[in-house]
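Scrolling down, you'll hit the structures one after another.
You will see chain A twice below: alongside chain B first, and alongside chain C after that.
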Partner chain A sequence: MYILATLKTFLLKWFPIFTHGMLKPGAPWYAWLGGIIGDFLIIGGILFLILRMVPARYRKSLIALLTFLGGVPYALEFFWPASKGGDNFLSLFVRQIGDGTNVLYSFALGLGIFSLMRFHANNLIRKRPGWHNNLAFFVAFFTMMLAGFANSVHHNAVNSNVFDMLFGGIVSALGSTMFSTIGFFIVSAAYRAFRIRSGEATLMLAAAFVVMLGQVPVGAWMTSGIPENGVWANLRLENLSYWILNQPNMAAQRGMYFGIEIGALAMALRTWLSLERGSFFEKEL
Partner chain B sequence: MNHATLPVGMLILVICALILFKIFSARRGKSLFIRRIPGLSAIDEAIGRATEMGRPMMFSPGLLGLGLPTLQALSILKHITTIAAKYRTRIIVPTCDSVVFTIAEEISKEAYTNEGVPEQFNPDDIRFLSDDQFAYASGCVGILNREKVASSFLFGYFYAESLILAETGHQVGAMQVAGTPAITQIPFFITAADYTIIGDEFYAASAYLSREPTLLGSLVGQDYAKAVLVIIIIAGIICTTLAGFYPSWHWLTWMDWFKPVSQ
Partner chain C sequence: MNIFHNIGHSFNFANSTVANTWMVWIAAIGTLAIYSVLYKENPVYRLFEHIFIGAASGYSVFVTWTQILKPMWWDKITSGEAYWVFALVGGAMFYFIYSKKHVWISRIIFGTLLGLVSGAAFKGFAGLNVDRIHASFKPIAGHGMPLSESLNNLVFIIVLLAVMSYFFFSFEHKNRVTSMPPKLGRWCLMFAFGAMFGSTVMARMSLLIGRVYFLLGEWLHIIR
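The block that comes next holds the complex of A and B.
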């Protein structure tokens, strides 16, 4: 216990090196940015150097060891009993690893933007069919980026309005428009699904009919003549709908959940213990 | 944060032990049977269709970042890309996560290199579209329509965009194979896709496609784990019912041990 506590204090004090060891609260934003990049380069550089120094036949073992060590805090944190606050001695550490992972993850965004730029620039330079769409991408990308930067660096009424107009007025509206198309797609998909082709399709149509009717007032009105209490109340459409959703449907969903979660657990175990083979893990290092 | 209670922790350890035991037995050479999964068998058919039609395929690894569902989707991508490289069929992989994009690009490049046709790999076919849900969906819809995709594979974790992708694929006449662990999206895929991989079949995909002993062993271990859970559930139903008749027999309510403890 003492060793773990000491290790935790050590890690918190010295890793990340720049952001914890050299920066003080209130430091300017560029110092923080530089600190994060410095941490990334130093930790990444150390890991890369170790990997290069280790003979090729031991590299897989080293990566397996690092993968295992990376997973240990999560496993220990989950299995170790929690105190009354809901946390144990590793909870804070695990949260900080999560924050660090997010920082590392954000660096990869540059790769995605590079891919976008390359694709659209290629089409634009070669004037492929639809090149005006590629041009629209660049216009939209740089306009949104400039508006975002301007709004965060010089936050005033003009910049704020421009940003809100672009983001709220265009980006969000486009997202909502795309979302609303689901309504049309549901109709066409439901039409195909509910066509009576087999016994199963007929059963599904009947169940869907009852569930949909049970959700709307007209459904309740149709069977309002049936008493609200007693055995016959089960035949009221709203009760039938509730029963289908919460009994057979829920049982099927939970059955699937069991399978999915055990599958996920098995995959996590294989990845953690580096047992995974046969997909993309067999590459020589 | 979530923590295991003693019974839950023990149950998880038992499940892990079962899976590991079967993995190591399979590695020792024990032959294992795996039933036919039509959705996964249809993958080869979909690739063949695209090859015959001379049109590209599309593979979407879902909307999640680098999590377990995406890792599973990427292992399926590896299989599909290898066959696509063999038949010189183009496959377009739109991604919504930059890390997933990098891995997908590496997988595709490696598949083409392994098949001896590295020059066939087109970096523009592995695309990062957007990390916004509906921007990504509209990008995929654009690809499906513009490229006249012959086969569409939707593997990974999807949200509301699942129906948009699957219905558009249906409209352009693409043969579609879909699989997701997102329970709420499975009905949409069943409705719109030609083949749907349901529930834990999604995690069985890499074992089914590669027939690798470790993965097959893991799959059989999962089945044993499910059998344990079924036994616990049946015993729990019986005991909980009996507890209604014999309230003084407190041990009959042992299923309560598995309930989460409020902190």
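The block that comes next holds the complex of A and C.
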């Protein structure tokens, strides 16, 4: 922690020049924005010049070292004995790293948005067939984004209603419509998967049939003649469906989950220690 | 004049009833346009698909700013925690992926992020699974335990062990003793896949019912 505190003090002494030295809380947002851009250009520029000087043969090692250092705080925090509250001296630092990781993820979202924009802009500029769809993409993108920000910055009746209208009318409604169409495709795929060819396929069909019937009123109606209480009640379709989902299905899912988790742990260790092979890890830098 | 007055009234978004009427109509037209693909691929579906992707992307940018970047980054810098500027430098390194010459710089931040995620996964594995393993091995007999609970717990443990044995590849399952549990595991897996399939189909069906209910109820007022 001493090393980290020293590093933080050093960085704050020499770097963020504008945001740390020249601006105080309460300054207007555009001053902060200018300060952040200024600091970004200075720090980013210096870092870029340093990284350019790194010889090609050391680049892989540098990446492996930083990958390893990225995971160290979590491992240390896990193995270090905890105090009575369940935390240790690294817990707060690890939580801050978690916030930092979320911020990095958010900046990475721009990669996806940029790729989408580039694709649609290319089609639009070259007026490829269906270019009006690409135009619709941009109109929808900026309208929704601006409506969100307008409602967030100036919350009034018009901005709030316009945002709700766009969210409820497009994002929410079309999202659930899109997902519900998958139901049709699943059923057509099921026809191929469920054709009774083997014992396993029959078992799968039987389980799916009981679970589906157990969740609709007609299923309950089919077995409504069976008493609601007593041992025989277990044979009512809604109870059978509930039991299948919560006992054998849950146990099987947990078995799979343990296998997946152990695989993920092995994968995480390989990635952390840069032992993984493949294009990302082996390509010449 | 009266016509213009009415048009003006139709766009009076300060009135929540007007905005709601617009929302219902946009959603209804969009829903029908998306469902039109079930008949065949058509230009109206394509248009609304692009509108949906655009609006969802715009919304994700807005949500990322308001729920993550503003509280965790901007507000911290503007309240005096200036070192958060370094996160922007790290975030900008992702974009070197578009430079042929300096693409390796993007790998620094990708590598660091992989390290962070691996560390979190490592810690999460122990935190989550120790409790889960403990909860999975349920008692099959005990003081005052009903027979139904004993049987349920027995089924749970047999299925769990059988499924786990199916994924055990350390030695070949040659003889009857070692080949039986994986075989049972495969049957249990197929049974569970069937149950998961049924559950997924019903979830999609409930969405479909929701949309049909919206069209017939909120839009056309045929059902209430």
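The criterion applied here is as follows: the second predicted complex is superposed on the first by the 166 of 285 C-alpha atoms of A that agree within 3 Å, B and C clash if a C-alpha of one lies under 4 Å from a C-alpha of the other, contacts with A are read in each partner's own complex, and residues count from 1 in each chain.
The rule is short, and it goes like this: a residue touches a chain if its C-beta (ideal position, glycine included) is under 8 Å from a C-beta of that chain, and two chains touch if they have at least 3 such contacts.
As the structure is a prediction and not an experimental result, all values here were calculated from the model.
S.K.: Thinking of the overlay built on chain A, is A:Leu66 touched by chain B (first), by chain C (second), by both, or by neither?
M.R.: A:Leu66: touches chain C, not chain B.
S.K.: In the superposed arrangement, which partner chain does A:Leu49 touch: chain B (first), chain C (second), both, or neither?
M.R.: neither
S.K.: Of the partners chain B and chain C, which touch A:Ser188 in the superposed model: first, second, both, neither?
M.R.: first
S.K.: For chain A, which side has the bigger count of touched residues, chain B or chain C?
M.R.: Of the two chains, more chain A residues are contacted by C.
S.K.: If you stack the two complexes on chain A, which partner ends up touching A:Ala121: first (chain B), second (chain C), both, or neither?
M.R.: neither
S.K.: Which of the two partners, first being chain B and second being chain C, lies in contact with A:Gly148: first, second, both, or neither?
M.R.: Second partner only.
S.K.: Examine A:Glu77 and indicate which partner it touches, taking first as chain B and second as chain C; both and neither are also allowed.
M.R.: Touch partners of A:Glu77: chain B and chain C.
S.K.: Based on the superposed arrangement, let me know which partner A:Asn134 touches: chain B (first), chain C (second), both, or neither?
M.R.: In the superposed model, A:Asn134 contacts chain C only, not chain B.
S.K.: Once chain A of both complexes is superposed, is A:Phe167 in touch with chain B (first), chain C (second), both, or neither?
M.R.: second
S.K.: Could you say whether A:Ser91 touches chain B, chain C, both of them, or neither, answering first, second, both or neither?
M.R.: After superposing on A, A:Ser91 lies in contact with chain B but is clear of chain C.
S.K.: For chain A, what residues appear in both contact lists, the one with chain B and the one with chain C?
M.R.: Common interface on chain A, chain B vs chain C: 77-78, 105, 108-111, 113, 116, 130, 171, 174-176, 178-179, 181-182, 186, 190, 253, 255-259, 264-265, 268-269, 271, 280.
S.K.: Considering only the defined contacts, which chain A positions touch chain B in the complex?
M.R.: Going by the criterion above, the answer is residues 77-82, 84-88, 91, 94-95, 105, 108-113, 115-116, 118-119, 122, 130, 171, 174-176, 178-179, 181-182, 185-186, 188-190, 192-193, 253, 255-260, 262-271, 273, 275-280, 283.
S.K.: If you look only at chain C, which of its residues touch chain A in the complex?
M.R.: Touch residues, chain C against chain A: 13-16, 18-20, 22-27, 30-31, 34-35, 37-38, 43, 46-66, 68-69, 72-74, 77-80, 82-92, 94-95, 97, 102, 104-105, 107-123, 125-126, 128-129, 132-133, 136, 152, 155-164, 166-167, 185-202, 204-205, 207-208, 210-211, 214.
S.K.: Given the complex with chain A, which residues does chain B contribute to the contact?
M.R.: 1-4, 9, 12, 15-16, 19-20, 23, 65, 68-69, 71-72, 74-75, 78-79, 95, 97-99, 101-103, 105-107, 110, 123-124, 126-129, 131-135, 137-138, 146, 160, 163-164, 166-167, 181, 183, 186, 188, 190-192, 198-200, 202-204, 206, 210, 212, 214-215, 218-219, 221-222, 225-226, 229, 263
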